[in-house]
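One chain, subunit A, appears in both complexes that follow, with subunit B as partner in the first and subunit C in the second.
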Partner chain A sequence: MSAATPRGMSPRMRLVLFALAVLAVLPGVVHVAGHMPQFGAHPLPYGDAINAAAPPERHVTNMTSAVNFDYRGFDTLGEEFMLLCAVTGVTVLLRGGRGEGTAGRPGRTGHRPVLPRTDAVVLTARAGAGVLLLFGFYVALHAMTTPGGGFQGGVILASGMLLVFLGDGYAAWRRVVRSEAMDACEGLGATLFALCGFAGVLLGLPFGQNILPLGTIGDLFAGGLMLVENAGVTMAVGGGFLVVFIEFLEETRVVPGADER
Partner chain B sequence: MTPLLALLFLLVAATGTGVALSRNPKRQVLAMSANGMALALLFMALQAPDVAFAEIAVGTAAIPLLFLAVLASIRMDHGPHGTPKE
Partner chain C sequence: MTGWLDVLPWAVAAWLLGIGLYGVVTSRNVVHLIGCLSVVQGATYVLLLSVGFRTGGIAPVFYAKPPSTSAVDPVTHAMVLTDVVVGATVTALLLALVLQLHKRRGTLDPEELRPMRPK
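After this line comes the complex of A and B, so read on.
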């Protein structure tokens, strides 16, 4: 990278640089690899502590939910609003010049025809959508008892709705997934989570204090306030992903009059 | 490490290499989707089903879809202001 070669370097020079970098980094890599814990071992005490504390204290059997919605609920509030900001940013960037009309028709690449879907695709997508939606509700609803929860459930619900687009096409997709409703779902979900957290603060307790009765351990509706927070996360994640899907798929449409701003 | 885990690690490495080696963007998206599926199977085998759910939904469905939408939008005939023309 001397002054004689201002525009990039030759492949030979790159290889030399690569070899030097490998020589510099290799001892560190070997050292770290030699001192890693055994595969499958978990030397940190946090997991064991949660496994011991959460069932008697919070009456739930899914420790991930106990950590996300209760022990570390304040972090999740931050994550919730990161998601909200990201979705809002995507929407502002993409929806801006296009508006909210649904009258667009499929865009074309060159002279390639837009083929209709075959019956097999429609049938598979319809059947799959039902199963996926049911599974998404199941995962979201069982957040306190089995692995999964609001985030996973919300994402599965969103991808289930996406099958409407795959099977029945754009018009049906926009009829079923209303943009306004999904915007509201996303925002209200995040609001619900924040309200749950601040409910304790209003009563003079710490943020996110579990103020509802905890219920019986192993029961579907155990966990108290975590259930409401989980519902909020499900709404925010499902709505947020669908808003992003809508905005990205709109990019492949020809919108009449989109240039007249 | 069980044979199943070893197999899944190899699968993840193979599909990941596939992503790095595909030159056509559309194929690369599908390769990434396959890599996400291999990762989800690995997470499942490592007894982390919640992470596997998220990986299946996000890594093999949502992100490939967004990439495909972007690729389609790029290939469309665009007018002077970036909006698709008639």
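After this line comes the complex of A and C, so read on.
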């Protein structure tokens, strides 16, 4: 087992290299950690500026949403498209390798039998799905007032839909969650966010300018354009996660006659 | 005055980064490797939230409190929030790559992988 074999670097050699790298970086890390601004007591100029400006300027009480959808909305646009790219990548890799055939029996792993679900599982999953979807909408809607928003709400909504699969099986899940609809939801959500940003540009204003009436502070529907952007993010995140779930679960489809690998 | 508690957040972030990279270096299964990568990502969450922390500050939500209340930094919270969601989908993308790898090569061990050559 010499390191010169075409196998490349041996695990032992790699570990030695890692240890050397750690030794080289460690003094710097210790120095920096010892000279960081004092934890919990250093100035936060950007955060304080947002905290002071956003309630009177944008009529919202959740500062994190104000940053995500208004003050740094341009950054969120980038993140939105990272999400879109990652989901597109998953779809291309899995659907592209598998094809779009739906002849096989889904929800199988090899030749293991699928045991029928007990009533307790079905009941819990059905009850849980309803509660979770309601909670998802609640979190997504309360983006401007209390901690919440499209990112968190979208993930909760997608998880709630996944409970349909757990309780009622694969066929029922695919009847409820249509692949094409979720693809559209994902893409349109990201498009909606981008259009909100460019709406100001079309009127000769800066990108992301909040052009809708802001409403009353503390109100559920205050925040103007941020509400539309939040809806776009909810659609993109919820749709994106469901597309990912669909693609991974479609991998369990066993095509009759195909050899198992 | 720098007590040990003031160094702890940065030490935790550095430890998560180091132990995650150690896992990546020694990994014998690509699914395990992706888990290690998530640990490395966890270091950024600890670092960002520690940078934005303020002793005695409330969460940056002024629904029940007046906006003049001392609050932590909402900018780092927004960064972590989007980071978590994007990180989850990127992990899904990596796992999709793993599925393709297993289909084509029949192995999940990074040591078993060879450079691809045209047939």
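By our rule, the second predicted complex is superposed on the first by the 199 of 261 C-alpha atoms of A that agree within 3 Å, B and C clash if a C-alpha of one lies under 4 Å from a C-alpha of the other, contacts with A are read in each partner's own complex, and residues count from 1 in each chain.
We adopt the following convention: a contact is a pair of C-beta atoms (placed from the backbone, for glycine too) under 8 Å apart; a residue touches a chain by one contact, two chains touch by 3 or more.
Bear in mind the structure is a predicted one, so any value in this text is a computation, not a measurement.
In the superposition on chain A, A:205 makes contact with neither subunit B nor subunit C. Of the two partner chains placed by superposition, subunit B and subunit C are both touched by A:39. Judged by the touch definition given at the top, the superposed model places A:139 against subunit B, while subunit C stays out of reach. By the touch criterion defined above, A:253 lies against subunit B but remains apart from subunit C after alignment on the C-alpha atoms of chain A. When the shared chain is aligned, no partner comes close enough to touch A:20: not subunit B, not subunit C. Contacts of A:147 after superposition on the shared chain: both subunit B and subunit C are touched. Of the two partner chains placed by superposition, subunit B and subunit C are both touched by A:241. When both complexes are overlaid on chain A, the residue A:155 reaches subunit B and subunit C alike. Shared-chain residue A:66: touches subunit C; no touch with subunit B. Comparing the two interfaces of subunit A, the one with subunit B and the one with subunit C have residues 39-40, 64, 97, 147, 149, 151-152, 155, 241, 244, 248, 251 in common. In the complex of the two chains, the subunit A residues touching subunit B come out as 39-40, 64, 97-98, 107-110, 139, 147-149, 151-152, 155-156, 158-159, 162, 241, 244-245, 248-249, 251-255, 258-259. Listed in rising order, the residues of subunit B touching subunit A in the complex are 1, 48-50, 53-54, 57-58, 61-62, 65-66, 69-70, 72-73, 75-77, 79, 81-86.
On the side of subunit C, the complex with subunit A involves touching residues 1-2, 5-11, 14, 18, 21-22, 25-26, 50, 52-55, 59-63, 67, 71-78, 81-82, 84-86, 88-90, 92-93, 95-97, 99-100, 103, 106, 111. If you check the complex, the residues on subunit A that touch subunit C are 7, 11, 14-15, 18, 22, 29, 32-34, 36, 38-41, 44, 46-48, 50-52, 55-56, 61-64, 66-68, 72, 75-76, 79, 82-83, 86-87, 89-90, 93-94, 97, 145-147, 149, 151-152, 154-155, 218, 237, 240-241, 244, 247-248, 251, 261.
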